[in-house]
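To keep things simple, chains are lettered A, B, C and D as they appear, and every chain counts its residues starting from 1.
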């Protein structure tokens, strides 16, 4: 085995917990030397369960520690920008949850700092590491079904988040569709123009937050491919995650996974299992694979991916989507500056 | 059994042939007394095979015949308008293939005549009579999965028509997407606004015809529902006909049919059968059911559906789609007058 | 088109009705000149609906008519033997519903007569003409998945027949499994040995009739392939018709068809449509294709298939299955003489 | 959290490695204090990777250690009997891989010892802990689809083991079908009678070993249910693991899992992914869940399941299967004493 990377986790809430668990249990490339959370007791609980020795409240302590080579940042979105900048200045290799920031100017500012410090910055677009979405990309890239013509992405959450969350989330396009913008670029390439429509159809409080809970986003790619994304905040049958790339000589479709393989038949028909309920179950392997790749790139000193620029593009597209919705017209990304 | 309706078929080309065959073999409500085609030998061949006694070249002869109660019109699209008007003036009950005309003014003119003569006019939107699309509508209408939020329609032809055909087809939106516009109205209701993008990605001659071969159309319905249609002229794996209505408490999805049910597994995975190749196979039952319903309405003197107004709306939406593509902006149907 | 064959249908009950309808409406190779049923009014009703001119009560009248070249026999099973013999002696080409008789001696007697008269005799094992079962056979025959190793057949009726029917049906193996015995020979080849077990698990009156309503039959084929058939008289989710041929380099599986392609998802999972309810719907195409092939063989004077010998083997295996159940031991077909 | 159980793993080959990894990484109820293998370097490598401090060559050392409460035995099958006996005498709680022994007399001997010492003994029939097979059992047990009538199990390995392995494996029924015998009892209950046929169809060396590589086993259960198992040593499309319980009011079917959810369509049809290749991938969760349950039973002092008696029954049925094959007749388990 190659050397292990000393890594600290900053932010041990829901997704930070998942990452820490993965780092300790499934990612042999990692040596977790510390966890950090401003809610110290949250970090302590994770550390106790997983046998991590060092627990701190203030992430600056970790940045000063020369033995720590890398940090995984999974704090609240609004703290990503300054923690990444601090970590970059401290020379740490950085894995940061998406998005870098909800505001394009902030993203640009972070990327400037990162570029100057030459540290690696990988963004947690975990869906790129899902085996089915990767398989679609492989098939399409191989050319065996011709060139891509149409992209369709369905991304629907099982239930709406709280009103509190929604208010500061950046809205549906930056909080939820942003995954699809990145997936669209991953599968097809750069986007020229975007048009977004949306409604409040399942949870009235989205109106209060000037947000939508249902949307369709049309994409025009530089290579002529056309695409449509549809999103909803409430798919009662579970977390609906599907993708289709229609090509000139065929089609590749990634369907939903299922809780089990059982089919039950009775006098009213057949019944089969729902998709997994949450992103944590659905993308369990993706969360592991993305961090494993990050650490391998650190060890081998190779470029990481998805990059800060990928994060910038996703935020830019998200802001353009909002602009499109507000103005009810297609927005050219080339002309759009956020 | 109720009385049979004396019916004549005008136009016995590809689709007229299908209708005549159905009328004779599967639709007991019909008594086919004559077939008509300007290519007399085409009509004669159909008549010979099916045992129909009367064959004429000029449809006016049939309109003068008092014993003929109904006509089924399956001639070239550009002749629908004047034949329907003539038939209406002659007091015949009319089943006409879609679209009534490619130009909204012509459609309005026909509908004026039909309204004055009080004859019935049913339009051949056969997909409304497909059992799976009907089942989706039933499920959604029942309310058991809440109210609709998102509509998705995939409609992809197995291969492009000839250049000759394309040139006079009215273009992709009026020739192909028009089915989807009607299906959208059938499933969800009236459309407020439409936005269309398209590309030439599979067959270069579409450019020459100022047409596209690939498109995505975004719909905004009066009830807040959002929708996306995607179309292609070339799905090499067969005729791709899928539909999804996502609702607040569930989802209803109509998938493709398959040539057979066989799954073959070997060292590279599983293989299963393609969808039926053409609309004639895929919608075989729909073609029968729509005409059967028409004849039952004639016998019982009940209103038919889909109506001339449905045809008018489909053409109007098709023209709006072209306008949207040309101007690259969403088009409000309320303000749009073709 | 080649010449049409003048054919008469003898027996116009449930299945005879299906055949007559198919002959008139879908099988252009046929000219239906007469129908016959001892319940004259049943034959008359069919003739009226389908426009058949001649209706008789006594089939001998038809056998004497020199203009009738072929007969399709769909009377009660216990009359097949003597009608086939009479028809053969009259020189008619014969299509007869399965089985020829419930008793092996009777079958042998019929086959002797047919052989002497040199007429064609095709047996109505319609499942051989199902497109999915044929596709499995094609795949396996092609050798692309190696040689066959295991055969599995599932054949389950939607609901039990009446007690009256069961009493004279020949029992489950001769009334129901007989189709599977023929299918097993069609897919794999000759059977050496059979072992059958059964229970009464869904309808107590089968006990009274010394019959079973649930069974599993193990087959050992001459080429070393092993097979298992399972049957039930009551599959409440519909007519369950599945087949699997497992081979040394892969597998071919024919699954059930479905009433429609709709999948509905809600908070308890996905729901999809049942298989077609009855053999008439499930094997609609098979009923047409088998008779079409028969008539083509008559016109071209080619050998028909499945033959009387196929019927004999199916009855022989059925009797051996009963013997196996009674003695609770495997029965070698080579030694078994019924 | 309840207290952790100090456990040692004896045998760290292929499956012992899986268990050790699971115990350390995924089973919080465990504290792995030592690993043991007669190939000390194998145990050492596992210990190094997983951070286990104690490594021994001779399992007796572990049995003498009072701090070790439980042992997990994953050595070669022919060593299970004496190690279990030694562990039982030492008062350890025991989890042992199946089967206890290949000879019924040996199994009985072990169970006598275990009974006297009152320790817990759980057998590693991991398929009982598969979520899909458990779901089938739940559905059937709930009574919502009536009572069971027919059981079908398909169990096919991706490729044959080595000749060396086969020679000492106990043969197909004791090495491979034994899982299905246990699953049959898990799903339906006790078996009265068994009939087995088999062939050598994929790998000639099975003949040399007086073994078969393909079989079908018919089961008659005490409650009247009938069942069929089919097994093959070579399913080139992957590890084929399916199960069906047909009931008086419906059916429950557990299908195969798939490597990914991607469907690819092209001009020859659709292609989808194979099942996982091996039992380690297919039953990954089952391996975790069975050991977790064992440890919970140890902590709560509850009875474990599957028990030594379950193992005894599976071996007995396996021996009866061999007897049936040799004598070519059904064997009553009640009369059969191995």
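Details
Just so it is clear, a contact is a pair of C-beta atoms (placed from the backbone, for glycine too) under 8 Å apart; a residue touches a chain by one contact, two chains touch by 3 or more.
Predicted model, so just to flag it, every value in this text is computed and none were measured.
Chain centres computed from CA atoms place D at the largest separation from chain B. Two chain pairs, A-B and A-C, are weighed by contacting C-beta pairs, with A-B ahead.
Inter-chain spacing, taken between the CA centroids of chain A and chain D, is 39 Å. In whole angstrom, the spacing between the mean C-alpha positions of chain A and chain B is 42. One finds 58 Å separating the Cα centroids of chain A and chain C. The residues of chain D that reach two or more other chains are 236-237, 249-251, 265-267, 273, listed in rising order.
The part of chain A that touches chain B in the complex is made up of residues 147, 149-150, 152, 154, 156, 195, 197-202, 214-216, 218, 220, 224-228, 230, 232, 234-237, 240, 246, 248-251, 328-330. Listed in rising order, the residues of chain A touching chain D in the complex are 25-26, 28, 49, 131-132, 135-136, 139, 144-145, 249-257, 259-267, 273. By the touch criterion given at the top, residues 235-238, 265-274 of chain B touch chain D in their complex.
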